[in-house]
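Sharing a structure with you now.
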Amino acid sequence: MDYQPLLEHIRQEIEVYAHDGKQADYIPALANVNPDQFGLCLNILDGRTYHLGASDVKFSIQSISKVFSLAVALSLLGKELWQRIGKEPSGTAFNSLVQLEYEHGKPRNPFINAGALVTADVILSLIDNPKEFFINFVRTLADNPDINYSEEVTRSELSCCNLNASIAYLLKHHGNLHNDVHDVLDFYCTMCSVEMSCEDLSRAFMAFAKSSQPFSHAGVNLSISRVKRINAIMQTCGLYDESGEFAFLVGLPAKSGVGGGIVALYPSRYSIAVWSPRLNSKGNSIMGMKALELFTSETEESIF
Amino acid sequence: MDYQPLLEHIRQEIEVYAHDGKQADYIPALANVNPDQFGLCLNILDGRTYHLGASDVKFSIQSISKVFSLAVALSLLGKELWQRIGKEPSGTAFNSLVQLEYEHGKPRNPFINAGALVTADVILSLIDNPKEFFINFVRTLADNPDINYSEEVTRSELSCCNLNASIAYLLKHHGNLHNDVHDVLDFYCTMCSVEMSCEDLSRAFMAFAKSSQPFSHAGVNLSISRVKRINAIMQTCGLYDESGEFAFLVGLPAKSGVGGGIVALYPSRYSIAVWSPRLNSKGNSIMGMKALELFTSETEESIF
Amino acid sequence: MDYQPLLEHIRQEIEVYAHDGKQADYIPALANVNPDQFGLCLNILDGRTYHLGASDVKFSIQSISKVFSLAVALSLLGKELWQRIGKEPSGTAFNSLVQLEYEHGKPRNPFINAGALVTADVILSLIDNPKEFFINFVRTLADNPDINYSEEVTRSELSCCNLNASIAYLLKHHGNLHNDVHDVLDFYCTMCSVEMSCEDLSRAFMAFAKSSQPFSHAGVNLSISRVKRINAIMQTCGLYDESGEFAFLVGLPAKSGVGGGIVALYPSRYSIAVWSPRLNSKGNSIMGMKALELFTSETEESIF
Amino acid sequence: MDYQPLLEHIRQEIEVYAHDGKQADYIPALANVNPDQFGLCLNILDGRTYHLGASDVKFSIQSISKVFSLAVALSLLGKELWQRIGKEPSGTAFNSLVQLEYEHGKPRNPFINAGALVTADVILSLIDNPKEFFINFVRTLADNPDINYSEEVTRSELSCCNLNASIAYLLKHHGNLHNDVHDVLDFYCTMCSVEMSCEDLSRAFMAFAKSSQPFSHAGVNLSISRVKRINAIMQTCGLYDESGEFAFLVGLPAKSGVGGGIVALYPSRYSIAVWSPRLNSKGNSIMGMKALELFTSETEESIF
C-alpha cells in the first residue's frame, strides 16, 4: 500500500482544526514558535518512509524525552527501578502533587513529571557524563548527529520551574531523589530541551516499534520483554490525563510533549511522528491527535 | 503451533502461587467457593481451542459483566454514552467516591462501579425486558443456552451493597441516573451474578477479538471502530487500579472480576480466559494474572 | 446598657446588603419564602429581651437543629458518641463525601450532614418515640408549645435528598449507621423541618449560654463540661466551611441553617438569633452574618 | 483565689502521662532534649504570676513563633494579608500540599506551614532588618532581652526542610511568595528557632490576652479588633489538626509547637504557658494538653 495519498487526504481533513487551541506559552522559546505549522513522518518496518508538511523542522520534544530517559534508566537499574516508580495511570494532571503526597513520594508512572525526575536522578547517579551520554543515545537512535539540546530552552525552563522544584523537593523529602535537587532539575530540563524533527522522532522510535528484537543502542540495552513494557506504559500513560481518550481514539502506544509533538508506534509495523504546536486543554497537539485518529481509522490499523 | 504443552508448562510454573491470597468473602456465595481451583481456556481465531484444568466449571463472572453491559449500552446509545461516562483510567480504587464527587457525577470509565451503574441505567431506560435481553445476549456470544443468573448471588449482593448504593445516590444527585436507584442496583447486581465457565468466557470474547469485522449478536450491533474502542478501554481500565501493571506484565486488553476470572484477548488472534478464586489486594486473581503473564512472555505474543 | 438603639443602628447599616445573595431554592418550601425579610432577637442573661424586625416570624431552622440533636445524642450516649463522630473542623463542604471516605465513615464533626445523620441514628436507637421526644425538647427549650415540624418541608427534603442518601449509605457501609437508612433520613429531614422564630431560637439557646450551670430540660441532661463542649464545637464547626471566618469576624459560638437563620451566644452573657433568607456562597445568611459582626464589633463583646 | 495549690494538684494528676509519647527527633537539637521535663507559668491580668516545675528553662518555641509573625505581618499589611492567606481550619495535616494545590496556592490559615511561609515573606518584603526586628519584638513582648535565636536549630532545620521547600516552591509557582525561596525558608526557620521559657511565653502572650486594649509593642501596632481576630484564629487553627479537640477539651485560644510548648489565653483574664517535650501523634505536648484541660475543667474558666 502507498500511504502518501492517505496522508495527503488526512492533511486536508484536519485543516478545519488548523486554528484551534494555542501553543504553550510559559517560556518564550515555545511562545515564539509559529503555531501554524504541521509536519508528519511515517516509517514502515519494511524500510519505506513517508513525509508530509514540515517533517524536517526541528521542535522542542519536551516530554517525549521521558521515553528516552526511561529507556536509559531501565537499562541501568533494571527492575529495581519499579521500587521507585509505579506503572499505573495517574488519573490526575501530569504535574499534580496530590497523588504524590498520598502515595508517599512514589510517582505513579515514569511519564508524569515526578516519575521523570526520578529517572533523571537514576541516570545522574550511574552515568559519569549524563548529558553527553543522553544526547549521544538520542542521536544514535535517530541516526542524526545534528540533534542538540537547546540552551535557550533549558535556561528558560530552569527560570520558571517552581512547580517542578516543588515536586522534586517532595520526592527528596520522601527519600526518592538521591542527587542534589538543583542538579536533577537541571538535567531534567536539559533533556526536555532536545530539538528534533518528525523525521528524527519517527526514526528514533523505530527502535521501540521493533519490539520483537532486543534493543541495543549506544550503550542502552533492553530485552524484548522490557521494550514491550515501555510500549505498554506509553499505551496507558503516554498522553498525560488523556491517555485513555487517546487509546480509545487512536489505539497506539504513544508519547506527547507540550512542544506539539506526538510520536506513536504499531509494534512490528511502523512508527509515526506528528507535530503541530497548537494544544488542547490537556497539553496535547490538536492537529496531531486528529491526524493519528484518522490514520488508524482509515487504515484500520490500531493494535486493538 | 500446538499450545497444549505450553499451557501444561504454565500450569506447573504457577503452582507455587496456589495458596497465595484468598477468595472474595463479602457474600456467602463467593466465600463458599473452593479456592483451590484453576481453569483456562484458549480460543484461536482459526478455530482451535485448548483447555486446562477446571475449564468447564462455572463461576461468578462479577465485573467481567461490565464488558457485556458496555457493549449493549454503546449499541443502544452510541457516542452520546460518552457524555455520561469518561474513558480515562481512574487512578483510584474501583469503588471510590472521591473522584466521582470531584468530577460532578461523571464516572471516569465504564469499568469502575460508578460507570457500570450508568450503563445499567442506560439499558434499563431503553430495553423493555432488560434481564431477558442481557442474558440472551451473553448466551448468544458464548453459544451456550445454559448460562444463567444466580439468584442467590444477586440476593446476597443486594443485601450488602451499601457502598454501591452510596455511589448510585451520588450519581442520582448529579442527574446521571434516570431510573429508580433500587431498580438500577437490582439490575446491576443481577448482571454481575451471571455464572460462566472459562470455556464460555473465552468463546464469548472471541466476538471482541474479531475486531476487524462488525459485531452483530442478539440485537447488539457495533461497528469495527466501536469494538476496537471497547478493547482499548479494556486495555487502559480493565483490571481496576492494576490496569497499568497488567498492561506492563501481560500486554493484552482484558477484564477481571472478583469471582477470580480474567478474560483477555489478542485482536485478530485469540481470546483466553483463566479462573482461580484467590485474589491479590487489588481484587485480581493471582494465579490468573501469573498464567497470562507467562503465556504472553513465552509466546512473545503481547500486542506491544 | 440599652441595646435597642444599637440594634436599630445595625439594621440601617446592613440595609446596603439587603438584596445580595438569594435564598435556598432546592425545595419549593424554601424557594417560596419572601427573601426580603429580616428579624433579630437578643436575650440577655439578666432577663432583658430586645427585638428587631420580623423577630416573631417562624422560618425553617434546618441545620440549626443539629445543635439540638447533638444535645440529645450526647445526653443519651455520653462520651461513647465521640467514637462515632469527631470534633474537628472539616475543611471541606458540609456535604462532602471525600473526607468521609478517607476517614472510613467517621464524620469529622456533628454539624456536617454526615455527623448529624449519626446523631439522628443514635436517637432512633435509644428513644421510643423520637419525633415526639425531639419536638417536645425543642418546645421546652424555647418555652413555646406552638413549635412544630413542617410536614411539607420534610416531604420536599425527602424527595430530593439523594446526596444525603449517598452519605448515609456510605456511613452504613462503614458500620456507622445502625438503623435502616430510610428511617434515619426520614428522622433527619424531620428534625431539619422544625419552624421557629428568632424569639424562639434565642430563648432556646439561652440553655447553652447558661454554661455555668448543668443543663436539664425535657429529659435531656448535660453536665457543665458537656454544655461548654457543645459551645466549643459550635465555635469551631458551626458555620460550615466558613466557621473560621465567622470566628474571625464575629467571635461567638454559633450555628447557621440554610433557611437563613443564625443563632449565636456569649457564654454567661447573652444569646442572639438573626434571620434573613438571602445566603452567601457558603450557605450562610448575608445580613445575619453582617448584623452579628457589627454587634460584637460595636459592643466589643466577642469571647476573644 | 490562690492558684498554686490547684497547679500542684494538676502536676500530680498528669504524672501518669509522664512517659507517654516522645519528643520530636527530626533534628538533633530537639532529639537531644531531656524529654522528662515539665514547666508551667500562669500570668493573671491583675499582676499575679504562678510557676510550676521548669518554668524558667528555655526551649525551642517552633510553631508558636507563627503567632508573633502573624502579628507583625498583619501590622504591616493590614487586611490585604487576607488576600494571600485564609482564616479557615485546614482539616488536614499542618504540612499538607494537597489543599494548597486544590486552592491554588492560598494557604488555609496563617498557622499551617504554608501560611507562615507567606507571613515570613510579607515581613521580608517590608522590613529592612527582619531578623533584628523580629527578635526585638519578641524580647519586648516577653520583657526579656536575653531571648535569642538558636543558630544550631536554624542550621539543622535548614538542612532538613525538603517538605517546607516543596511547599514554598508551590507557593512561588502560584505567585504567593515574592522573595527568593531560600531567603524565605531561612527567615522562617530562624523565627522557629527562638528559645523561650514558659515564663517568657506566658508574659509575651499577655499582650494578646489584653484584647480590650490596642496592641502597640516595638513597632507592631494592632487595633483591638485585630488582636481579637488573632485570638480567634488561635482558637480555630492553633493546634494543628487537633484544634477542634483542644477547643473541646480546653476551650481557650492557644498555639502549640513541636518543641513541646503550648501557650493559651483567656481574654481579659490570664495567659498560661506549659512545656513538656513528649508529643502525641498530632505533634502536641501530651502533658501540656492534659494540664490545660485540667486547669480549665477545675476552674470552670474556659471561654465557653
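Think of it as A, B, C and D in the order they're written, each chain with its own count starting at 1.
Here is the rule we use: a residue touches a chain if its C-beta (ideal position, glycine included) is under 8 Å from a C-beta of that chain, and two chains touch if they have at least 3 such contacts.
Keep in mind that what you see is a predicted model, and the values were worked out from it rather than measured.
Each chain gets a centre from the mean of its Cα atoms; the one farthest from the centre of chain A is C. Each chain gets one centre point, the mean of its Cα atoms, and the points for chain A and chain D are 47 Å apart.
Averaging Cα coordinates per chain places chain C and chain D 32 Å apart. Chain A and chain C have centres, each the mean of its CA atoms, that are 55 Å apart.
Across the assembly, chain D contributes no residue that touches 2 or more other chains.
Shown are all chain pairs that touch, namely A-B, A-D, B-C, C-D. Here chain B touches chain C in the complex through residues 96-98, 101-102, 162-163, 165-170, 172-173, 181, going by the rule given at the top. Interface residues of chain A facing chain B in the complex, by the touch rule stated above, are 86-92, 99, 108-109, 211-212, 224-225, 228-229, 231-233, 235-237, 241-245, 247-249, 251, 253, 267, 297, 300, 302-304.
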